[in-house]
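In this document, chain identifiers A, B, C, D and E correspond to the written order of the chains, with residue numbering beginning at 1 in each.
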Amino acid sequence: MNEVVNCAAYSKGHRTANVELAEVHEVLKDANQFVWIGLHEPSEDILNQVQLEFGLHDLAVEDAQNAHQRPKAELYGDTLFVVLRTAQMNKEHHIEFGETHFFVGANFIVTIRHGSSVSYANVRTRCESTPHLLSKGQGFALYAVMDFIVDQYFPVIDELEEELQEIEDEVFKEKPSRATTEHIYQLKRELLEVKRAISPLIDISSRLMRFDIKCISEDTQPYFRDIYDHVIRINEVVDNTRELLNTALEANFSLISISQSDVSKKFAGWAAIIAVPTMIAGFYGMNFRFMPELDWRYGYPVVVGFTISICIIVYYFFRRSGWL
Amino acid sequence: MNEVVNCAAYSKGHRTANVELAEVHEVLKDANQFVWIGLHEPSEDILNQVQLEFGLHDLAVEDAQNAHQRPKAELYGDTLFVVLRTAQMNKEHHIEFGETHFFVGANFIVTIRHGSSVSYANVRTRCESTPHLLSKGQGFALYAVMDFIVDQYFPVIDELEEELQEIEDEVFKEKPSRATTEHIYQLKRELLEVKRAISPLIDISSRLMRFDIKCISEDTQPYFRDIYDHVIRINEVVDNTRELLNTALEANFSLISISQSDVSKKFAGWAAIIAVPTMIAGFYGMNFRFMPELDWRYGYPVVVGFTISICIIVYYFFRRSGWL
Amino acid sequence: MNEVVNCAAYSKGHRTANVELAEVHEVLKDANQFVWIGLHEPSEDILNQVQLEFGLHDLAVEDAQNAHQRPKAELYGDTLFVVLRTAQMNKEHHIEFGETHFFVGANFIVTIRHGSSVSYANVRTRCESTPHLLSKGQGFALYAVMDFIVDQYFPVIDELEEELQEIEDEVFKEKPSRATTEHIYQLKRELLEVKRAISPLIDISSRLMRFDIKCISEDTQPYFRDIYDHVIRINEVVDNTRELLNTALEANFSLISISQSDVSKKFAGWAAIIAVPTMIAGFYGMNFRFMPELDWRYGYPVVVGFTISICIIVYYFFRRSGWL
Amino acid sequence: MNEVVNCAAYSKGHRTANVELAEVHEVLKDANQFVWIGLHEPSEDILNQVQLEFGLHDLAVEDAQNAHQRPKAELYGDTLFVVLRTAQMNKEHHIEFGETHFFVGANFIVTIRHGSSVSYANVRTRCESTPHLLSKGQGFALYAVMDFIVDQYFPVIDELEEELQEIEDEVFKEKPSRATTEHIYQLKRELLEVKRAISPLIDISSRLMRFDIKCISEDTQPYFRDIYDHVIRINEVVDNTRELLNTALEANFSLISISQSDVSKKFAGWAAIIAVPTMIAGFYGMNFRFMPELDWRYGYPVVVGFTISICIIVYYFFRRSGWL
Amino acid sequence: MNEVVNCAAYSKGHRTANVELAEVHEVLKDANQFVWIGLHEPSEDILNQVQLEFGLHDLAVEDAQNAHQRPKAELYGDTLFVVLRTAQMNKEHHIEFGETHFFVGANFIVTIRHGSSVSYANVRTRCESTPHLLSKGQGFALYAVMDFIVDQYFPVIDELEEELQEIEDEVFKEKPSRATTEHIYQLKRELLEVKRAISPLIDISSRLMRFDIKCISEDTQPYFRDIYDHVIRINEVVDNTRELLNTALEANFSLISISQSDVSKKFAGWAAIIAVPTMIAGFYGMNFRFMPELDWRYGYPVVVGFTISICIIVYYFFRRSGWL
């Protein structure tokens, strides 16, 4: 894929021209236009060019080069630098995280995708199809991509909630197993990762919707409140799932104990049923000279019958008290 | 049920006319009146009409169309958009949640019910019967419906407290069972859902009672403090129940262990009572040529009697130490 | 008991007259006086009369009629409405909660007692005996009753600390029992109830001591700081006890496990002591034709002696390793 | 010990005179001096005299009379009232708490010691040896004593950390015992007590170092930041120890379970080693007429040898799987 | 190593001269220069000299003499005093902590290293190679060293994450052991230590990046935001690891229980397999005169065969139910 995915100028919500990166400063002279550049894992060269065109701060560009930033929004002079983490489920039902960086200035926006993530071409197309909204400027473009990124978290948390559902089934319907415990642990790990990716967005979107940032027009602010709202909801689901998961872990533990107790009870019951005839047999195995029963004609069958009866009684006794 | 349940104009607290949705803008010209519209799962058409009549913001209307919002209060210009979650117990003792949205403006209020919830016709009737209160304007109508919604949570939390009571009985009076553990887990789940529905209301009602919102007259603010108070109480009960539930889970766990310990003790006791005669019988089953007891006339009954005595002693010994 | 327990006018700290409820508005005309009314579970009639005399807000009066409010302090115009929960130990060592409501205005204070609680006649008497303090006005009367209510929590938390002490003794000195676990749970429940009654007082008293409330003279504020201080202390003890209780629950659980382990060890020890002779006896019960020991003159006593020796050795072995 | 330990006037950092309590008001007339009074468990008489001399507030004096206050700093007009809890290890390695109260005014400081605590005579001497510091006024004297009190917490928390170390050794190196669990509980109790004594000091010292309090000169404020710093450190150690203690409690619990599991395994192993020969012996104890082995010349030694071999094999089998 | 590692004057980002400590005040007269002094465990003499040259506050110098401060940033007049904790892994994979103190004033910076830590010579060299950055003044030098210190935490937390990975493997792949539990505890301890070292840096760097501190030029502030960002990330990893560790501890505990349950099941299974033939053998060891089987020609092999068959059936039964 190309490093420079897209580079176009917009005026009053309409795409006016595709621009070469090197000519961007020409376009910027016209204050009624803004430039929207989409980069994908750009090389240092490209980034330096971008830095030159827009006069970006060294530290921000350094961050943009290295992925593995935490989500944040920083102002360098009048330029806003935003880092977001993207998430999507891959085919093996694991979460893949990526990173997207934004530079938003007086009349430009640059998006930089790192790692696994969907292209933002569709977002751009959708924006271009609603010129009355895109005419709000680069702030709206920022909103559109952020909204797209946040919305991709919803299938992810749906998947996590389903996994919790599976764990509940394992805990309450199946026998306690090592696999369940490990499953709980892995889900916890994933929840923490999603939490880390999404929770800084509460602060970021609330700042974008509240504070006075020159490069974002005032009538775009309600849109960031919309993102704020989605983020809060995702965050809530994550917290909720986490709390239920903790309870499931403890419930699992209780059930392991109960099932261990059941093992003991079953063992005790069967041990009794075997021990009683062994004891009786032992008695008639004694070598006393004078043991009248031994000489009885029906001594043997009577004792055997008696023993079996006792075993049956013991069996029903344990049955009734729920041990067997 | 009709989508437009009710649509009327009010002046000085009295209903002055039933209005057609399409003529609402006529009524709005008279600043001394306000319009109160009740919708029930409205179609997109109806909502678009409402949006046109009152000039509502796109984002708010989009939210109003989709249920599954979290409770919130947002200002779009001078129009207040409020989302609440309603709750009620169904016949199977499960909580059913619904959603109600409000648009409140300079001289109108629109309520939109989604999902399972009681009609607000009664609330309207009650408001109309106290014109001195309703004359405070659409802010009071907002209060009346919110109060009604919040009051419906009280039977719900009563039910949850009763369930906790049942769990306590199960934990402390009955034997530990898988069902109890699952019961605890399910109650925890329900508590979290109620918590999610009610806790954002603390912030919403506190904002309505404190801040300057044009469409809510100042003398209505103490009424929102009343709602705030109820919400705090519901929230407190939920937190309380949750903390007690956690303790119940741990107590349950302790009792499972004690009961497991009781199984071990009982088993040990009876094992001893059976093992001792088995051992003695084994001894007199030895084939030594010179074992004087074997030849004694009363050897057999003496040994049997001795064995029984030992068993009885062992039994009382275990009894006294509480193992049996 | 009378609904109107007391109704008197005070001037410069001295009781100047007993007033009829219906004539209170006469007394109120004199700005140098204030009226102090004590009610006990008043009927709706009485409350309406009081509302009329002092011009109280509907919502506050409605609250005052229903007990089961949470502690709070609310300003309705210039009138302060305060709700407190009272607590005392009954003879069965259970906590009984009551409720007291206050209306404090420009020159009046009304106290309304609900449920189990001590009369405030003594507080009034004590106030009357220190006219230089009571001359600070109705704010001081409010302080005096609140202080009295808060001070009644001290014996309650002493009792709770004693119960914790008992639980510690049960946990660490006695054997683990179901009763201990239930005891812990019940104490937790009581602590949560006290917490709910007392913790809102932190905020209430801090507001009374800090903010500008007309009906409370400035030189009364340090007195509310005194209440604040007591409330913080009670709250701290409750939190402390709660944390220790949680640790006690976990310690209890550890000790249950240790004691279960002791059962297993004892069982194992005695099982070994019985199993060894059983095994030996079994050997000499074999029917081989050529077993020289069987024909020895002293075979039997030697084997019995040998067996007993082995049992003793096994016993001491287990003793030394602490299993018996 | 005398109730009035010391009572002296200071000017420019030097002690100018020892004063009688009754003549303090004479000294106070000279604004360039301040009086430093040290009291030890004073009688009501003495306290009333002090109150008269300095015009102290009733509530503060009442508090000063009763120990058992929580640490706090309160302003009564221009007079600062501070309560601190002192701590020291006694010879039995238990923490003994005391209380010290301070009244600091325009040109005086009164320290009142209650309960177990070291005399502040040394602090005074040290102050007097650095007149350039003491010349900062009574605020510096306050700092000096507070610093002394806070520094006495360091040996206490060292002791607590050592106790944690001991508990770690008990948990990880020794066998699980009831004593360890109780030890953990007692340390938790002590930590909570220290926490209660020290954590209010964070707020107190931060207020003394930040806010404008007339009786404390501005250049003394960095000194209170020093105290703040020490308090934060003590508090951190307490929190740290508490968290490790919780983990130790859980680790202890895990190890109890493992050790219980070890008991079961050992028991199972030895049971098998005894059960196998018992079973074999039982077989050759059967009375079948035709059992060829019984008549073999070397049947007996062969069976005994065979049995012993099996026992040895079983033993090594369990050994290898770590059960024995 | 020398106590005074380095002492040089800088102007416009270039080193202009190496200075003797005693002549620093000469250099300070030129407002366009700043002095950068690097000390390593300096003696009291050196520190006093430094104090004299720069007019440092007594309390700060006292702190700088004693290591074992907690990380903090304090302003004494216009001089900033910063304390940081450094960390690095030693060869035995243990964390070694050191301490570095900074004095930053109008035109000087002093760094004081205590304990185990890498020299800052390289940092200085790197600064000198970017004069356009170093020309921002001593604030940039402060940033450079702080950044270096914070970056050294990244390998440390990588190591901690690896240890968590190891623990996960031990918990989920190996058998439960005492070593794992102790490993968890030790990692917890290390995490707490890193937390204590790093978390105060959140506050310190946020203060440096936000507030107006004279000795740090405004255009250095974004650099401290960079440090803030790194610290937040380290802190997050520590919190994350801690939460996963707690879950691992609980999972470990569940698995111990399951494995204990497995022991019980295995024991029960084999006990049954041995008990059944013992019982049968006991029966044919009875001495009844009339037991027809005993006289059968093939009684013995039939019984033995029957017994073995039963054992095999029992074995498969247990196998199928997963007990063996």
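The definition used in the following text is that contacts are C-beta pairs under 8 Å (C-beta built on N, C-alpha and C of every residue); 3 or more make two chains touch, one makes a residue touch a chain.
This is a predicted model, so every value here is computed, not measured.
Colleague: Which chains contact both chain A and chain C?
Modeller: B
Colleague: Chains touching chain A and chain D alike, please list them.
Modeller: E
Colleague: On C-alpha atoms alone, could you tell me the rotation angle mapping chain B onto chain E? Nearest 5 degrees is fine.
Modeller: Copies differ by a rotation of 145 degrees.
Colleague: Chain C and chain B are one sequence twice: same or different residues at the contact, by the over-half rule?
Modeller: different
Colleague: With centres defined as the mean C-alpha position, give me the chain D-chain E separation in Å.
Modeller: 25
Colleague: Send over the residues of chain A in touch with two or more other chains.
Modeller: 250, 253, 257, 260, 264, 267, 271, 275, 278, 282, 285-287, 291
Colleague: Listed in ring order from chain A, and going the way that reaches chain E first, which chains are there?
Modeller: Once chain A is placed first and chain E next, the ring gives A, E, D, C, B.
Colleague: For the complex, give me every residue of chain B touching chain C.
Modeller: Against chain C, chain B makes touches at 168, 172, 222-223, 225-226, 229, 232-233, 236, 240, 243-244, 247-248, 250-251, 253-255, 257-258, 260-261, 264-265, 267-268, 271-272, 275-276, 278-279, 282-283, 285-291, 322-323.
Colleague: Touching chain B in the complex: which residues of chain C?
Modeller: Residues 57, 59, 69-70, 72, 74, 76, 175-178, 181-182, 184-185, 188-189, 192, 196, 249-250, 252-253, 256-257, 259-260, 263-264, 266-267, 270-271, 274-275, 277-278, 281-282, 284-287, 291, 293-300, 303-304.
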